[in-house]
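To keep things simple, chains are lettered A, B and C as they appear, and every chain counts its residues starting from 1.
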């Protein structure tokens, strides 16, 4: 034990551990990583893609209790507990079939605390540890024993005015935060914020619900689109006009980007006649699965055309097979930790889009993958050539220390730093935003320190790249500068 | 040379080198890795999947000569020699076409020793080095010069009573060893061991030879199944009944698991009529290749159903294209180092099985892959969500220092430690078991030391995970506790 | 800043930085890496695959100006600048549609220098840095400020006799340099060199232009083949005879290898009747895309047959989708940085070839991939079994520090060192050859140092493997010894 204590001290002690989190144990690397991190630690946070609720910020609604803050809405958390046999109902995850679920925040928190060992060596465990320490001053590791005490500490803090969302927004030093909003959203909360002069929150145009003919409620979504746009959607032409109207509305309220999700990267324009016929079939409730796939591939092309014209940066998130677990989907609905990746082909799939817009300086497309094999094989070569392309940050499961390192290892040499989109936290957990950016900045600093000490770049270049990846590339990529 | 000696001494000298094998050269990592390894070094070995011959243990048959022990049955060894032009016949690999092969153990050993440089930086070289040191006290590196001398040292030891299998079983501190046995096996050696009160060896139910309609001798295997089960197999219903009878027999003799190999992960149940018709065609010798593929995909589903009912843990080893080298297969038969992996899709392929049993606490499925790209893309997300799933240890080519490190790097953050199956050695080389577990335990200790020193977990968590991965997870996953 | 300086000094200072380039910052690793590198640093360069112009060497034509030397012909360089919005015309890349392009070398150089930050952390940046330092004595980092000064320094040196190609050939200590030459090439420059007794430059037989029925100008290429071979190509039989005549000619002028590129690894022989019919259709200008794909797969088989007979080592480069960017292709033509990789399947694709020649000691096939996922999954197991196979060096995008490390990590444990082909620089940039070999040798030395200090091999084995990978394996694989 004394040996251990001695070593830990040599590496900096408890306080030192937090200060050097994510850095290599090798001493020259650690020293330089510290210096590079110091360069970027204080930079404002740019969060150009995420899922924070704009109403919470517009109305400055106090954060909820610890269970609602950390567990109930976070599928990273409950899917891990579920995988080890903890029923989702006991974690308070709301059911859509009327099954009763646990409603007592303290009980939910205890259940989580009892199983906190499941998060050893995971990014979820790391973010929570950082949040507890940094935001709530809790230094001890969560456990069955201290669950109630920690709950009380958090709960007490959450009631303070300085823990209200707008106060935290300032404390977190957020330069820009983009939300993700349906094409049919009126953006009333964004409007309200702008009217009060708070323009650092921006909407993002996400039309998946009206582009995917096979989605539950597509017909109703299209009706809603007609309603909010004031354009009667009776055919493909009026549908496109309504989408263009919404894009203009989003832009007027600060949007600089759109976001699109699909299972495959296929982009393939149809003739006017073909797409018109499919749209008519869909309105009549007679579209086939093949119609839906072709329509999605066509609409991605149409969206690229609109982006080239209106300048909204296009984001494409590919490769998640949603709602893989039928029983969980039927009982609990969407986004319940049961979305499983599939392999993604990019080189052939994106070619029609790139033929049309890949060399167009007005157009920008940011690509996100769940298939790490495509980083070095397809994505880095693509973004390292086409002026319109940028590679998005490591996404979802790869938003982790090793996921980030694999990303930097796989793409930097071919893509260079300036074809990368910097970082985005992609989170609905507002309070976790600083922890996620901190991990990215630390991992980048450590990675660059290693490169520098290996003589592969010099320190001034490492400093410049650290700043670019922490801050400037996100601004530039998303046209926020 | 003096510089070199000095540095090697600083790193611990010759003895120190063995003590720190697999650990990082970085000193704080090495120190902590040592401590974590000390925590698990003495834990009993759990070997829940492997290919040791139960007769050898039941009858305590002395180990064979050095050539038969290390070379002739080990396709890792002779495929490497073959790749560099050494004929398999000169290595004593038995032919099935009557071609004469070398029978002199000492000559075979010399041939191997002359080519020992081929095993530089390979796991085979590492295991052999550890075995020679630990089990036979041979510290010098094998070479053409010392081949005869080393042969004699090993041969002399092998004749001693303390080198008999049962003595080694105790010396190796084996808690449980599972063999792999055909569905048609009577398990007489397992029965004999149990009758003598030795219950630490367990059978595993592997029905591939009766499930694969396209396998050589399928018809004869089904007849043998009827014979040993006492159930006349005349149609699909009686076939299933016979399989269930065998599973019960295996369970009675200690089995806790089944094992299945297939080239693809497809699981797709057929209607009773469909599968019945295929089975009838197969009995009549008229099954097509498509019948065989559909039957395999159906039977994996049927096996899952049986596992949910009888509690046998199901193992699935996917992605090996067997007997790739036709000339080698024709002359030497199965398992001759010419099995080559193919890419594997899991997300869509397993969905029918997971729809039915993925949330069933009675059911457990352990997945093994030869496609490392699927670790982070599909497997970690699947096992990190479905209660029924565990991810098996790095398999076959990946049972190596770097293979293990890539596995831990790719899966731990998403799957967590407790959705992993721990380690299994998967070997037919009984004497190599401790070396293989030692490498795993050392690699895990080193990996956790790095995580800890980077501030990503604390030391008590690292100790707990080290114990879990070395011992507890294997017991728990295979329902051996 | 003083801390920084102190640390940099501890790691060796500016001179030390260059001396320890690519090595780990960990001190014991760095020390051993230095020793291992010292073992191989002075070995002659073997360059068995590349694209240097033989005329330049035959006629000892002075190297061109800095823009033509470093930028204009190097798609690694201009594709990165293009991805960040620098027009290719401003970089002097010649157009084929008559569009005017920049012709002033100094202006092109300035444009490059202004954007030199884009090459931070890239292999292109590293090679250039090494070349500037080692060949031109330029120690400062290129920038807009020093662009003219550096241009002048390089330009002045390039005019000296000791910078002529043949002088550099000696200074670079090149043992063998292979060029890549069309099947229809008369090899006049090779002949001229041999006549003057300079036999260290060898041609490589690359027949892609006559094997790919779909290539621009295939018909004209076949006519040229007939002309240079003196064999009238009227059907498949005479086509094969003409190819055999060319192979004999290449062998007579020192060739030891052939080279083949294809998008997929498929090899599938056709019947004489089938291939004859396709060839007749092609001569008539009536071949389909399917004909072309089948013909390529057949011809790879035919080429293997010829290699088994005449002993030319066959190289196969698979997986590049050429000319992905239509606009760039139309304006600038081939090889303009817009070749994007696709996933590659090897296990099934190569089986017909390996059935026929995989065990044939006369035959050798060297495989190159752009799909790193296939390294550990398919390629290492294949070359670790089949006597005829070797795995080529990390290719194209992976010819980088991290690309080389991923390659060694992924393949060495399964393939061993002696089934690898060593290194080749694959470059058309003659002056960059030493830098590329230096990076490989340093990365190998560092990798082996780590393995050694982790107790996974001993120092004498590490020395032997370092020599093998730096020099001996290239000689042996390409039958140059």
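A few comments on the model shown:
The definition used in the following text is that a contact is a pair of C-beta atoms (placed from the backbone, for glycine too) under 8 Å apart; a residue touches a chain by one contact, two chains touch by 3 or more.
None of the values given here were measured: they were computed from a predicted structure.
Chain B and chain C touch with mostly distinct residues; of the residue numbers seen at this interface, under half occur in both copies.
Fitting chain A to chain B on Cα positions gives a rotation angle of 120°, stated in steps of 5.
Centroids of chain B and chain C (each the mean of its C-alpha atoms) stand 39 Å apart.
Residue positions of chain A with contacts to 2 or more other chains are 26, 343, 373.
Residues 26, 28-29, 31-32, 35, 343, 345, 347-348, 351, 354-355, 358-359, 361, 373, 376-378, 380-387, 389, 409-410, 412-414, 416-419, 448, 450-451, 453-459, 461, 464-465 of chain C are the ones that touch chain B when the two sit in their complex. Against chain B, the residues of chain A that register as touching in their complex are 3-4, 7-8, 10-11, 17-18, 20-26, 79-80, 82-85, 117-123, 125-126, 141, 321, 324-328, 337-343, 370-373, 397-398, 400-403, 406.
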